[in-house]
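In order of appearance the chains are A, B, C, D and E, and numbering begins at 1 in each one.
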Amino acid sequence: MTTSSTALSIATSDPASQPGLATGINIQGLTKRFDLGRKSVQALSEVNLGTKKDSFLSLLGPSGCGKSTILRILAGLETPSTGTVVVNGKSAAEVQKSHETGIAFQDSALLPWRTVKKNIQLPLEVSGITPPPGLVDDLIDLVGLKGFENAKPAQLSGGMRQRVSIARCLAVQPTIMLLDEPFGALDDMTRQRMNVELLRIWGEKPATTLMVTHGIAEAVFLSDVVAVMSARPGRIAEVVEIDLPRPRLPELQRTPEFHAYVDRISEILFGAHGAAAGDD
Amino acid sequence: MTTSSTALSIATSDPASQPGLATGINIQGLTKRFDLGRKSVQALSEVNLGTKKDSFLSLLGPSGCGKSTILRILAGLETPSTGTVVVNGKSAAEVQKSHETGIAFQDSALLPWRTVKKNIQLPLEVSGITPPPGLVDDLIDLVGLKGFENAKPAQLSGGMRQRVSIARCLAVQPTIMLLDEPFGALDDMTRQRMNVELLRIWGEKPATTLMVTHGIAEAVFLSDVVAVMSARPGRIAEVVEIDLPRPRLPELQRTPEFHAYVDRISEILFGAHGAAAGDD
Amino acid sequence: MTDLRQQSEQASIEHELGDSVGLGLETGGKGRERRTLLGALHGMPPWVGAIIGIVVILVAWQIVSVTFYPKTQSIPQPALVGKQLFYDLFQTGVYWNAIAKTGGAALWGYLWGNLIALFLAFLVLVQPWFEGLSTQLAVVCSCIPLTAIAPIVTLLAPAGSRNTSIFLAALSVIFTTVVGTILGLRAASETQIDVIRAYGGGRMTQLFKVRLIAALPSILAALKLAAPAAFLGAVLGEYFVLGVDSGIGILLLAAQATGASVRLWAIALISAGVAGAAYFLIGRIGRLLTPWSAGDARAGEGF
Amino acid sequence: MATSTPTPRAGLRARAAMNASIEMPTGAGWRYVAGRIGRSLFTLLISAVVLTVAWYVALKLLDANAFIAKTPLDVVKYLFVKNPLMTMSPADIRHTLWNLLLVTLYHAGIGFVGGVVGSVIVSVLFTLIRPLEFMFMPLAMLLRTVPLLAMAPVIYLVLGQGAATAGFIGGVVVFFPLLVNLTLGFRSVSAQSVDLIRVYGGNRWTIMTKVAFPNALPHFFASMRIAVPGALTGAMLYEWLFTFQGLGGVISQAKTNSNYGQIWAIVVLITVVAIVFYTITTFIEAAVLAKWGPNAGKAVTK
Amino acid sequence: SSGTSGSSTSASAGAAVKAGAYGTIALQLSWIKNIEFAGEYFATEKGYYTKAGFKGVTLLAGGGQTGAEEALLAGQALVGLSSPSITAPSVLQGAALKIIASTYQKNPFCLLSLQEKTPIKTLADLKGKTIGVQSGGNETIVKGFLAANNLTNDVKLVTTQYSIAPLEAGKYDAHMSYTTNEPLEAKADGFTPVVLTLADNGLPFVAETYTVTQDTIDNKRDLLKAFLVAEIKGWTDAVKDPEQAAKYAVTKYGKDQNLAQAEQVEEMNAQNALMLTDDVNKNGLMTMTDELIAENIKSLGLMGTKITADKLFDMSLIKEVYKENPDLITTFTIPSA
């Protein structure tokens, strides 16, 4: 079993033996194989991961290593081939039913026939939640789309669509957030602002969060825990706790502690002393 | 007219009066207004931009400022509302007919019923070009998808799909390359490798290139010229020539010159002394 | 901080961007000039095309009529038919009554048939296992020999009722609508469904929020096809009914039996007109309801 | 910033991992196909039972006259038990029906081919040259909206009574739904795919072959589903209006002879045949779409 | 003394019936409402049905494809207008039906050819020719006709509809027609019609026959007789007044078909020629002599329907009607063909 060199206090790569550290996300012995008629692809080989409730976990790893797959399994959109997945003490099916999940997909997945506003309202309609007045407008404002409330997705640029999908994710004021490269299509400035806003929202109403990203700095800036995955068939190479004070302000990114984390994770991802080797 | 403080030698923001600096891309008085029934959106207001043939131009700017729109107009996919667009001395229609353009869209736009290999071959089939033997396999290798030749897009991760679309762009060995955030969905490592490879290929067979990106460092690393756009309705805020030696190696990114460029462009994009203000 | 972004935040759309009718009109290089003949053709507005088409048809008809059947009027000249049409429609009330009667039966058949069809299709949605059964029932509806089954319906219905017309109209639409609807209910993309699933939406929510809407273009295409089919079914039904005195089918029967070929053509055209009008009406409604198509703003606009 | 660039070294991303490919056959191919066929046969059986029961119950509920309305049992008797009122033996009856069916299938085949080929060509032309659609859609509409019953003599005048007319009648029944569905299929191509082909210098025809055809495959097969029973209906109509042949021709004959047993047997026969051909169509559809359709390669998640 | 006014003679069969005692019955016509049912229109208009004890008689238009026999068996009508060529096969298949009277003494079928194309004046002319026949009932009839004249192997049959356009275009040589109908059309189109009637060329049988179920005969004999009385009165009026008959058809009963008055008058006259014979003048309208019945049985045999007279015809009712109401027998002027 791969473990980080420092002792973990809010996450674990062995949730089976440390259930206390897996009150939020709790992934045990998870594997996933896709069957394609006669062929099959092993996407995940034995993933074990736990985080405490209301902690912010980022998933980093090479393209195609299975990050989205893990996220989809947590969201109950894909069934594990083997293993179990529990979030906030609930199974994926229960999580779905409880209407507490916010999700943003790698592609924005907007409904083309709905306006920006209506797209953001969709999860509320599905869950039957009446939002506090002004919430949706505030969200539109938050993602910088004021004036586009009634635009259809086809009239938006790629980045604008992605922002709609982030607003949609936040609409249910979730206790579980699943974000798949939500800021991938954004320019640095918007991305930075969205990060700060995300942190603010998350700080106000914490949620057990899993974010897939390929921005190391972003992951460090936002997360309590960063899990680094190795290439396909994916598994967790290392779990790194980010012990930086909160609330985190943009200035944090210029501190040496921050850079140390970025460097360390870069090394895990790209470094020569492959942690992965110890994994086989 | 906005001009950068330093004299320009391979690009111009006034191609009308400096045709010699607009032998590659030549955009004059370009505006674009989208009509939506009774309403309309002004996406571009008066864009002027020229680059020399075979130079590498990057377009930076806030989300929704019209970057993709310019690229689509250059590709002949959108008609200008006013103004003219010429690339390598040819109109957009002529460019299309000459089968010399390579393009990668912001979303991968793969044909779901074609395998990876067949998707990459598509431009060749369309242009009626017989590729040198091994070209397609080399491209698959280049983007790290060996073994997935016969996979269908639905079987790929987001990043893998994007890589297929980059390989497809390169298949025709284009003299004009139009890249819309081609590396947006890639992890840093792959992205870095793709950048280096792109530079190598471009070095071997130069092409007049326009790349839309939101990575400032990436833009500086790859480009001869970086054009920074201001927010919608979009126009060119500033044109910056990147006078760094070629071939460029990854190490370049750690030089002070490189950082100076990154800082300067960041300042144009985010800085207080808005260049955009001078434009009105 | 007056950076470039800031403006993007403030900028809102000129003329205020609201609900968007007619998306993507200006996209896709449609406006590109082409100096070819084809380009010229593409440039002309639809109604010019329609008029050219009608003129071409009328001229061809006239030529066939006068060269091959100058005497017998087996294929009567368009002008004669036009005159008859005008006379029949505006000098007598007979035809309007017939249109109303047959149209009424067609409408009922259309409603019933489509209700049944939608029901069969939705069964599939609720329980995919039903697909075989639903479509096979629909196949039976479409291919059951009408000449055999229609008299039975007539005899089971009260004398003088138009049930046979309603029945045949219904039979004529069931199959197309079932196939169209099942096709449409699969049109939603996996990611669109995923959004609903992730938020705990069940089958019904998926159905109403995504599948149904994504299915609309396809369902409406089927409903459009069904409209003329229903009318023709109702006309055919009048060849089997007992105790019914009025209707387009009755008029056809009478015109055929009395060898009134000009009138026959006029009635056939009236019938075509009604069926065509129904087709275009449903088509219009469809366009209004689904300005987007299968998930892509510019899809449905062709290329 | 995320774009800070560490030097690539041999790390987690071992090239080997990227070279891993999709694992190959688990040998379930044939079992999969057999399973599909088995399931179809099962639904066929269920449908048969449902239809038979519905038929029986409907007649009983409506209290239909037994002379006219035959029950499933009557049909079985007609086909297999000697009836003193009939001059023919059951074996002869079955043989006659079989031969009539072959004739009808021949006519249906002509109509099917005529309708499918015609509609594919016309929908391609309509899609490629949009104005043609505006010009000739009314004519295509007319074919579908004029009662064939009324125009039968004219069709006879122009086309006579042979294969041309069979093709025409079958074609008309099949043509229009196909035309509409195919045109819809061709139109619903994704804009990005069209853009892609355009950029590479493809013309409308290239878009047609590379994008629109594969994209329209589901619509094409939906049309096929309509065309197959439609061709049978068309053949019956043709035989009724223009010939004394086939099952369609013999129905009028049977009616004058009050041979209701035969009429119901024909109804059953045509229905069964249509369902069988329909099912075969769905097999082909499944096979082709799995390989070529827009959902090709989509995972079978269990 | 016929009831031109229809008021004088109390003609009800036997004992007087209370008004409306027979209730409302339905008569299934053999075609949509045109001049062919002129007698029924008169019976309705002049109140003959009500006088006979009916609340009313519903005239059910017939159509192309559903037969009167079926309507009778399904209970939609009590009496149906049909033809022995259709009723007889039903009886053979086990339907308990009987013909109780016949409007036409001769069937209206003829082979129509055109002087300008290939005129077929005699049976001999038929050899090697092609006849257009409507599928269904008429096909059986033509085959019987050919069998009667040993022409089965010398003539080719092709399917056609009622329209004579294919004949006029020369697609075939002769068209299976109604004498009341298609020859007039050919004339209107500028051709010279040549007519070869089936009735006079080996296939005599009656048409527009009144068919009922055996059950009705057994249980509602009085009703049927009362009905026949009204029919006879109606037809007597109609035969005498083609103009008024046509007017009823055009302005009231067939108003939904946009019929032409002159055309309907012409058809009425042609129809009269089929109804009126010396036998009718002697025995009354709608009667059938034994010889006529025998001829019918023979013709049916030629059409492939082997049936006996007692299984198909029951003339006892109409005979009783005339016996009880001898004043219903009218002497008409027989039109010359």
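Keep this in mind: contacts are C-beta pairs under 8 Å (C-beta built on N, C-alpha and C of every residue); 3 or more make two chains touch, one makes a residue touch a chain.
Quantities reported herein were computed from a predicted structural model and do not represent experimental measurements.
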Over the chains that touch one another, what is the least number of steps taking subunit B to subunit E? 2
What chains, if any, are shared contacts of subunit C and subunit E? D
Please state whether C-D or A-C has more C-beta contact pairs across its interface. C-D
Subunit B-subunit C separation of Cα centroids, rounded to whole Å: 46
Averaging only over C-alpha atoms, locate the centres of subunit B and subunit D and give their separation in whole Å. 47
Which subunit D residues sit where two or more other chains touch them? 1-2, 4, 6-8, 11, 13, 18, 20, 22, 64-65, 68, 153-154, 157, 190, 195, 198, 211, 240, 252, 255, 297-299
Which subunit E residues sit where two or more other chains touch them? 65, 67, 70, 73-74, 161, 163, 165, 169
Subunit B, residues touching no fewer than two other chains: 34, 36, 41, 61-64, 76-77, 107, 155, 188-190, 215-216, 269-270
Interface residues, subunit D side, partner subunit C - complex: 39-40, 43-44, 46-47, 50-51, 62, 64-65, 68-69, 127, 129-139, 141-142, 144-147, 149-151, 153-154, 157, 176-177, 180-181, 184, 186-191, 194-195, 198, 204, 207, 211-212, 218-219, 222, 225-226, 229-230, 232-233, 236, 240, 247-248, 251-252, 255, 263-264, 266-267, 270-271, 274-275, 278-279, 282, 298
Please name which positions on subunit D make contact with subunit B in the complex. 1-8, 11, 13, 15, 18-22, 190, 192-193, 195-202, 206, 210-211, 214, 217, 292-299
Which stretch or stretches of subunit B touch subunit A in the complex? 34, 36, 41, 60-64, 67-68, 106-107, 155-160, 163, 181, 184-191, 214-216, 269-270
Within their complex, subunit E touches subunit D through residues 65, 67, 69-70, 73-75, 85-86, 89-90, 92-95, 135-137, 139-140, 157-161, 163, 165-166, 169, 171
Subunit B residues touching subunit D - in the complex, by the definition given at the top: 72, 75-77, 96-99, 101, 103, 105, 107, 109, 111-113, 122-123, 125-127, 144-148, 150-155, 172, 178, 188-190, 192-193, 215-218, 221, 250-251, 253
